[in-house]
Amino acid sequence: MNKILQIIDLKKNFGAITASNKINFCLETGEIHALIGPNGAGKSTLIKQIMGEMKQDSGEIILSGINISNLTTEDRIHLGFARSFQITDVISDFTIFQNVLLAKIGKEKKFYNFYSSIDSGELTYEEIKTILLKIDLWDEREKPASLLSHGERRQLEIGIALALNPKLILLDEPMAGLSLDKIEKMKVIFNQIKDDVPILLIEHNMDVVFSIANRISVLVNGKIIASGTSSEIKSNLDVKEAYLGTA
Amino acid sequence: MNKSIILKLDNIYSSYSNVQVLNGVNLLVRKGEIVSLLGRNGMGKTTTIKSICGILKPHSGKIEFNSVKINGMESYKIARLGIGLVPEGRRIFANLTVKENLIGSSVKGYWDLDKILTLFPIFEERLSQLSSNLSGGEQQMLAIGRALMTNPSLLILDEATEGLSPVISKKIWNVLREVSNEGISILIIDKISQDLKEFSNYSYILERGKSVWNGKLAELSSDNSKRFLGV
Amino acid sequence: MISEKNISYISLISLLLIAIFAEYFNEPYLITLLSRIIIFSIAAIGLNLVLGFGNLISFGHAAFFGLGGYISGILAIHAFNSELLISWPFLFSGSNNSLIIWSFTILFCSLLALLLGALCLRTSGVYFIMITLAFAQMLYYFAISWPSYGGEDGFSIYVRSTLFGINTMQGLNFFLICFFWLLIILFTINRVVKSPFGLALRATRFNLTRVKSVGINPFKIQLIAFVLSGAITGIAGSLYVDLNRFVSPSLLSWQMSGEFIVFILIGGLGRIYGPLIGAAFFVTFEQFFGSYTEHWQIFLGIIIISTVLFAKGGIIGFILEYRKNE
Amino acid sequence: MTAELLIEQLLNGLQFGFMLFLMSAGLTLIFGVMGLINLAHGSFYMIGAFSAAATFAFFNSFWLSLFASFSCAAVVGVIVEKTIIRKLYNRDHLDQVLVTFALILFFSELIRWIFGAFPLYLDVPKILNGSIEIFGGIYYSKYRLFIIFVGLIIATFLFFLIGKTNLGIQIRAGQYDREMISALGVNISKLYTLLFGIGAALAGLAGALIGTIQSVEVGMGEPILILAFVIIVIGGIGSIKGALIASLLVGLVDTLGRFLIPWVLQTITNPSDAMSIGSAIGSMLIYILMAIILILRPTGLYGKKLS
């Protein structure tokens, strides 16, 4: 179980307000680690710092051993950071297969290949097939992305992230706006992909978090007040009082 | 005391770049009333406003303004019937001065430049300034002033105090109270807050493009609030 | 069920058959007409690579068509008069060998496309259209005001360039050379569009941020496509000069650029064989209507407007649609 | 090479610049507000010239034919906008290019059908005939001064219209956010028709003014149109100020270039080569100028990034 993403003593404040107060956090291989916290707890500020959209005041961010604290967002993506739902929308005129293939071609720098045909399947066919099977879109692979439902679009975006063979995937509110059966489907997908790509999950939906997250960290007023398995967190008193409000 | 209905949405369905967004929205605003529209992000609040203002054509259901059927009408015609829009993201004309923003689409009536300046005194010496260097709060005030200058009978605000500091939000709420006292009905979208609870007489909540709850915000149960608003 | 594939094969085979019949019935004028159709198709196929698949609306592709024409004309006229073209680095007085002419054409048109592409691709949308138009107009005025090669009136080259000793003055032989070029170019474009490069190019059409986020640099992809497109249109220019044995600034005119786009529209946007069908329609329309009234362009104008407003799929689109709901 | 000759060329450049402004002002406004590329703008220039020539043939009055030029062009412009152009607003640029290209073919052939292929001529009115002493013994054509004068008036009229009037505010607001100005009650489609009419009128007027010194013939509009595009690229889309400055710049660079470069080259080579190479370079000067400005500022001097 080695550490994929480590955040050490991250500090960030806007004038008087401390948005991130010595945050320590780590994501290990093969796990879904959920980050929960009430509105205004500093979740989005933390995510922005992890993504490089916002500079932290102090502290370090390590991505599988490399210190990426001062890298730009593009460089972080190249190093293997995939973020789903911040990726701008998919290419609606392309089929599902072509969308994932494009990501593969980009990642493996194959775009100067003028000769081999993308229809014949010589090219990374197997890899794309496994990705599409994982995100359960293999049967509709020839469907244009423009006809996808809201949920299917989410699944495709995860497929595209996987095609970039990232070191981790950051999922920001993946269940927002999904119907119950769609949420179940997504849970299955998450469990399938967590083994080769760990997931940092930001989600409001408590029953989702408690049902699939291996580890949960609770962020309140910019500080991680508790971190542990879902059962530990459920019973933890100060978490209840600060956040779940059922003390 | 059935005050005459100024705006009526009846079972509105609408789609946006072939994604079905509104699946049956019903809403009522009576004369002089303040109605708030709530719901989590992506639940169709802005699409509802765009359907009312004619920016989007709903594909079924009926929208009536002062009992005139307006869905499908050109947005400039709907605006001229008396709907003033303060849009999401404010969309002030950054290439124009503050004054030009105000007078560009103004219509003769109770509200004129002097009254707007009394509402928002900070604009007094900045009328000839380019509005691109206004702060977020000032842009919101300018957008409200611009809408008032068209002398609407219904003012619609999309994300009224979104992203504004508490001090500025307070100012916006006071202005809206004054505007309401002048007899203008208001339809407002905003995050749930103490101010919104005191300010709006009646509220509707949207969940995945459907109006799922309506009533006075004070009567909203905590688990309904958690379920629909996630707070 | 008629598919786009069969339409393309049918059009190619019918071109060949008509040419053979024309030879048999000794109708040289008809063969020249068919060669003209092929040459215009090649020019428009080149443009279609960037326009149909890359959504780069170049209104200056006559620059490559004209440059190809002028290069071939200059090389041929110097060879004809055995007049020195360049004395440094080696004595060279033009050539009448098609292979040499074609290689020079491809080289210089690619260089021009690289230069224009690097400049124009920095902009997008409306600016791109205007700039490509302006640069082609620049070459047009340069050709007019350059007296040593006929200036405004152009010059003729009397005899076609030869290939392995084939008598190219004979209509059918020249037709077959053009036909051979058409097959090569159609095959190349077919492969390129269906290759990973083709997919990346098509992606730049929709969403630049999407393309960047998977690590592809859209500018480089568009530039390479632009160079390939310029070279192909340049070859068409070279063949055109050989066909008419005459070179003039009109090859570089904005009307020529506009016609290339019209071929693509009439044939069917974003279809590899669209330009072929469009050029065939245009040339026959010009021939047929032209004999009735010299104001045939009025009706052409009306046809283009109605095609854009009502039948966006062009002829191929129309046939496929018609077949589908039959 | 006397000072008089240089001053005359300078004034010619200015006069040519103002004519280019008449062509590009309307075009850049239409671009800015509607983002519509209109290749048929050159046809309005031609229509204006031909209607002036026709009126002159019947009534032999220069001023009446001048009035006829911009009013006919405006009427044709409004008709074309209401019937065809209106369908293009939310179409992509390719459709706009194709339809307006087809309009050129349509108008050019129509005019050739009606007026025949021979060029027509307009006479300069008596009071504007001949030249006048401007200063220090230097004489300059009254008619060209008149053109500069008309250019100045139109420029001030447009600056006033766009800068100071409510209509101008709505136009500029429309450039920035079309959907929003419409949601505030401004009938944006009526605004377009008006703008299109003004643009066509200005082009028609320019056609008549230039047609009087040069000839009135089919296809006279397109070379000027392409120059107008160069001006818009240099000046920046949607900016009247950009259009004026770029027009004068192109007018001067083009006229002086064609005059000075052959003269300069004469000092190093024989006159005939100097003339041929000089005129070749002179003809390409403004395009090179455009390329340079493009490299430095891809959206032109005053243009803003089109949303």
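A, B, C and D label the chains in the order they appear, each numbered from 1.
We adopt the following convention: a residue touches a chain if its C-beta (ideal position, glycine included) is under 8 Å from a C-beta of that chain, and two chains touch if they have at least 3 such contacts.
All figures in this text were calculated on a predicted structure; none of them were measured in a lab.
Chains making contact with chain B as well as with chain D: none in this assembly.
Placing every chain at the mean of its C-alpha atoms, the farthest one from chain D is found to be A. If you compare A-B with C-D, the chain pair joined by more contacting C-beta pairs is C-D.
Centre-to-centre, using mean CA coordinates, chain A is 35 Å away from chain B. Mean C-alpha positions place chain C and chain D at a centre distance of 31 Å.
We define each chain's centre as the mean of its Cα atoms; on that basis chain B and chain C are separated by 55 Å.
The list of touching chain pairs reads A-B, A-C, B-D, C-D.
If you check the complex, the residues on chain A that touch chain B are 39, 146-147, 150, 176-177, 179, 204.
Contact residues on chain C toward chain D in their complex (touch as defined above): 51, 55, 57, 59, 119, 122-123, 125-127, 129-131, 133-135, 137-138, 141-142, 144-148, 254, 258, 261-262, 265, 269, 295-298, 300-305, 308-309, 312.
Those residues of chain B that touch chain A in the complex are listed here as 18-19, 40-43, 208, 230-231.
Remark: chain C residues 191-192, 194-200, 202-203, 206-207, 209-211, 213-216, 221, 224 touch chain A in the complex. Looking at the complex, you find that chain D touches chain B at residues 166, 169-170, 172-173, 175-177, 179-188, 304.
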